[in-house]
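Across the two complexes that follow, chain A remains constant while its partner is chain B and subsequently chain C.
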Partner chain A sequence: MSDRTENLLLILPGLLLLALAFFLPIFQMLALSVAGPDGPTLAHFARFLGDPYYLGILWRTVRLSLIITAICAIIGFPLAYIMARVGPRLRLWLIVIVILPLMTSVVVRTFGWMVLLSRSGLVPELLRDLGLVRRNFSLMQTETAIIIGMVQVLLPFMALSILGVITRIDPRLEEAARTMGCSFLQTLRTVILPLALPGIVAGSLLAFTLSASSFVTPSLLGGSRIEVLAASIYSSVTQTLDWPFAAAQAVILFVGVILVLIPYMKVTGRSHG
Partner chain B sequence: MPAVKLDAIRKSFGKVAVLHGITLDVEPGEFVSLLGASGCGKTTLLRIVAGLESTTSGSVHIDGHDVTGLPPEDRDIAMMFQSYALLPHLSVSENVRFPLRMRRIGSREEQDERVKKVLETVQLGHLAERRPRQLSGGQQQRVALARAIVSNPKVLLLDEPLSNLDARLREDMQVELIEIHKRLGLTTIFVTHDQEEALSLSDRIVLLNNGRIEQEGAPDAIYDRPATEFASNFLGSANILPALIEGLGGTPVAVLADGQRLPLATDEPARGDVRLALRQEDIHLAIAGDGPDAEVRTRVYLGARSRYVVSLAGQTVRVLAPNDTVFEPGQRVTLTIAPERIRVLAR
Partner chain C sequence: MKSAFKTTILGVSAIALTAGAALAQDKTLTINSFGGAYEEAHKKCIITPFEQETGAKVQIVTAYSADAFAQLRAQKDAPQFDVIHFSGGQEIVGAAEGLLAPIDAAKLSNAGDLYDFAKANLAKGEGPAYSIAAIGLVYNSEKSPKAPTSWKDLLDPAIGEHLVLTDISNGYGMLGFLMLNQVQGGDLANIQPGLDTVKKLIDAGAVVVSKSPEIQQEFAQNDAWVAPYASDYAYTLRKAGLPAKFVQGSEGTPASYITASLVANRPNTDLALKFIDMSISPAAQTCFADALRYTPTNSKAELSPEVAADVAYGEDSVKGLIRFDPKVIEANRAAWVEAWKKTIAQ
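Showing the complex of A and B:
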């Protein structure tokens, strides 16, 4: 048997798994999204894109995902820098603290936030005691709650993406910058930030795609009135039983994510090749 | 007023004391080398001058100002790192402009002008738009040098800048450093473990040993008159022999362990038990003559010269001799040294 056929045989199980578990469902989703009573139709897409209600959901999904991604990057960059520059023991502890939330189920974590953010929860109560908000203030069922919950879920992805890049930056570059007249903050801006950019971009894409397609946390913290795209797909499937319309929404989400990913893959592909 | 004034600098990392009270003045325009074996604290001292390391005690003055507690960016210095530390995301000219930009020196046009001029000084004008990783080691090193001198700092700090280059490039760069220093007159502190480099470049050498200044002085002074065994060993790797000096009143003579005698300079004041420092290239070998007997053990051919290992008075002595007369292992030879070339070290 030649090397080629042997290789082919060896990767066959993997290819099969990919085909069955990944490409087949996507293909089915694509097929379903154009299914109509009298053959293929784009009516489901037209219905989505022509209805201000659904466009509002799409816009909210994109807007919240952007805000969540930005907040993750703003917290994640300094956090990753600190993690990269402290001693090895403290770094280990910080990594454990950062990834600990990933080890509990999303549902459990989200219920935790529900307890903290509800009308009688710790956070609104504290804000009330400080006299910052009105008496019946609640954070539950607001976009703020979704943002808080999602940032916690996605921060580890962002922080670890950036950490991987920053640990490879020679600390002597920072010292050199200091001897050339940079203050500490200027060093962060002129040396670390540009060199950490690939990590920030990778982390942002991860955070954006995960947050655009997330379902559990936005549904539980935002409630039914603040719907995001994934929740809308879910209700199309479970409540109106309109599977083709659900598939069309899923395709829109899928295409949106791909559109964000392609330029990135082009850029990183170039820098590697 | 000295350009740099170090006063009783001590430095410990945790419990480990690295510098034990360094006091040193560097005059404006002077080229001072910190010379010493690896691990003796040269880099630490340089980083303290730069402000990258704090002192445990003692003070640093630059140009008359106490800068002991100031961060590097508030000191008028430039430093060239052993690893060059070029910023990989910036082009060569942007790297060289960086200190001007961050220290707000001159307008954009003036900065352009200075960057262009300094890149020509180091013969890199044609590579201005390259990225550092597209350059060879020697070219990167020139960029680092250009970046260090472009802001015309009060003090230029160089940490073994030539140690990563191959021998040929290194000689070229030494010449270049001397010329640049002559032209710009920058006060320079140069760290090296290479005695030849220190001897050829410096106005003054500060010899460090385990965090202390062992000796300081002009290169010829420190080379010809090393004050201690460490100094004579480090500069020119001299042979050290125990001896007894006799000759009250008359010409002093050093008596070696086996009774053989070496005449000393008439003005040699030391008497009694001493050690002699004999430089390898100062010892002459002959088949017969007036001097102590020795036996050749090994000969190492070095091209223009040979290094001989001979036994003299039960000790191993290394000799560098020209190849006009060749001695074979096992041969008896006599050994002569000009009396004024013998250094007498107190026991």
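Showing the complex of A and C:
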């Protein structure tokens, strides 16, 4: 058996799985999204794109995903840097702490936030005691709640992506920068940050795509009044039973994610060959 | 789990049928029930007493209304259910499609005691309503400064952010909304007054939830005072230790009828009628009201004062019951849900 056929055999199960579990449903979804009573139609897309309500949902989804991604990057970069530079024992513990939330179900974590953020929960109660907010202040069912919950869910993806890159940066580069007269922050900005950029970009992509398509956390923390695209798809499927419209919304989300991925592939393709 | 259960039951009934025991066959009745606490009460109040009295065996298939109706339609040529229970008005469509058999009121010994609305279309095939989920105002009797008495009270600015509304993708939420719409001058052809009112309530701070457990959460943790919802849920809240009470709005009480219909083209008609007769008996209805706080439809059902306080009870109370046409609701559901979502979006 030649190398080629061996490789082919090895890759076959993966390809089969991909074809059955990914491409087949995607094609079905594409077909469904243009299905109409009398042949193919773009009416479902027109309905979405012509309605300020649905455009608002799309904009909210994109806007929240960008904010969540940015916050994850701002918290994740220093965290990853510290994790990369401390001793191995401490690093292990830090990694465990970062990964630990991934071991519980997202629903459980979200319920934790619901308890903390509700009107009589710990956080609003504290803010009220400090006299910072009015009597009935609640963080539940706000976009802020969604952002807080999603950042916690997605931070591990960001921190671990950046960590992988930073650990490969030679510490002597930093030492060189310091001896050349850079302050610590200057070193961070001019040496570490540019070198860690591929990790930040990879982590941002993960965080963005995951948060754009997330459904459980936004619907539990945001409530039915703050709808994101994934929740809108869900209600079209289960409540109004309008599957073609749900498929059209899914295609719009899918295309949006692809549009984000393409520039990334271009950028990383250039720098890593 | 549930489907495994269902399969087991279907399997068991298949064995029972193919065993060729002719006696067992005409002594066996297949019905649907709604699972959970409902099915437990169903067994205790109707099924077990029925089996004891007639010596027949009752096979229960757990299926909600829409599901049961889909099965009934699929089995058009060889129906498997003898008696079928609906809560969403499916019996109207079923009767019109000829899936359900007309019932001769003379064959039901308890039919005479039923309120008129509960037996209105027996001759058409729409089975009698044997209990009713009434939608009124569930309120916190300790924190609410005054007990609400009418649907208009929901507009009281004092309630403001202590009001909980339920999404109309939920069946009870839909009925409560349609009632609010009616009180504000709308009807089934025009839900705009209702939407405008909801918008006003939300701007005043009302909370919108989509599932019933969230109502409990709002009452327990978020200082909710009032929620338009079903009578049985006030009881659920009280069992959870919350000071919840139920009151009917003075303008009327939208209701969800739970009906027992006779399936057409089945051999055991007499036994099935006996089962239906038992469902509408005072004893069964009293038992149902005790267990779950549903409103009885038999005028002879005697409730203890404690139970009566939780439901719509007595001639005058049930007069206020309103049934929004299930066919119209079904036809407009998708459009209404979309309009509702646009109204509540922030």
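Basically, the second predicted complex is superposed on the first by the 260 of 273 C-alpha atoms of A that agree within 3 Å, B and C clash if a C-alpha of one lies under 4 Å from a C-alpha of the other, contacts with A are read in each partner's own complex, and residues count from 1 in each chain.
The rule is simple: a contact is a pair of C-beta atoms (placed from the backbone, for glycine too) under 8 Å apart; a residue touches a chain by one contact, two chains touch by 3 or more.
Just so we're clear, the structure is a prediction, and the values are computed from it rather than from any experiment.
Look at chain A after the overlay: chain B and chain C fit there side by side. Of the two partner chains placed around the shared chain by superposition, chain B is the only one that A:V191 touches, whereas chain C remains out of contact.
When both complexes are overlaid on chain A, the residue A:G56 reaches chain C alone and has no touch with chain B.
In the superposition on chain A, contact of A:L221 is made with neither chain B nor chain C. When both complexes are overlaid on chain A, the residue A:R178 reaches chain B alone and has no touch with chain C. Annotation for chain A, partner touching more residues between chain B and chain C: C. In the superposed model, A:D170 lies in contact with chain B only, and not with chain C.
Once chain A of one complex is fitted onto chain A of the other, the partner contacts of A:R119 are limited to chain C, with no touch recorded for chain B. In the superposed model, A:I200 makes contact with neither chain B nor chain C. The least CA distance from chain B to chain C in the superposed model is 46 Å.
Common to the chain B-facing and chain C-facing surfaces of chain A is no residue whatsoever. Residues 53, 56-57, 114-115, 118-121, 136, 138, 140-141, 223-227, 235, 239-242 of chain A are the ones touching chain C in the complex.
Chain C makes touch with chain A in their complex at residues 161, 167, 169, 202, 205, 207-210, 217, 221-223, 333-334, 337-338, 341-342, 344-346.
By the touch rule above, chain B contacts chain A in their complex via residues 50-52, 71-73, 77-79, 81, 83, 85, 87-89, 98-99, 102-103, 147, 151, 157. Residues 170, 172-173, 175-184, 186, 190-191, 194-195 of chain A are the ones touching chain B in the complex.
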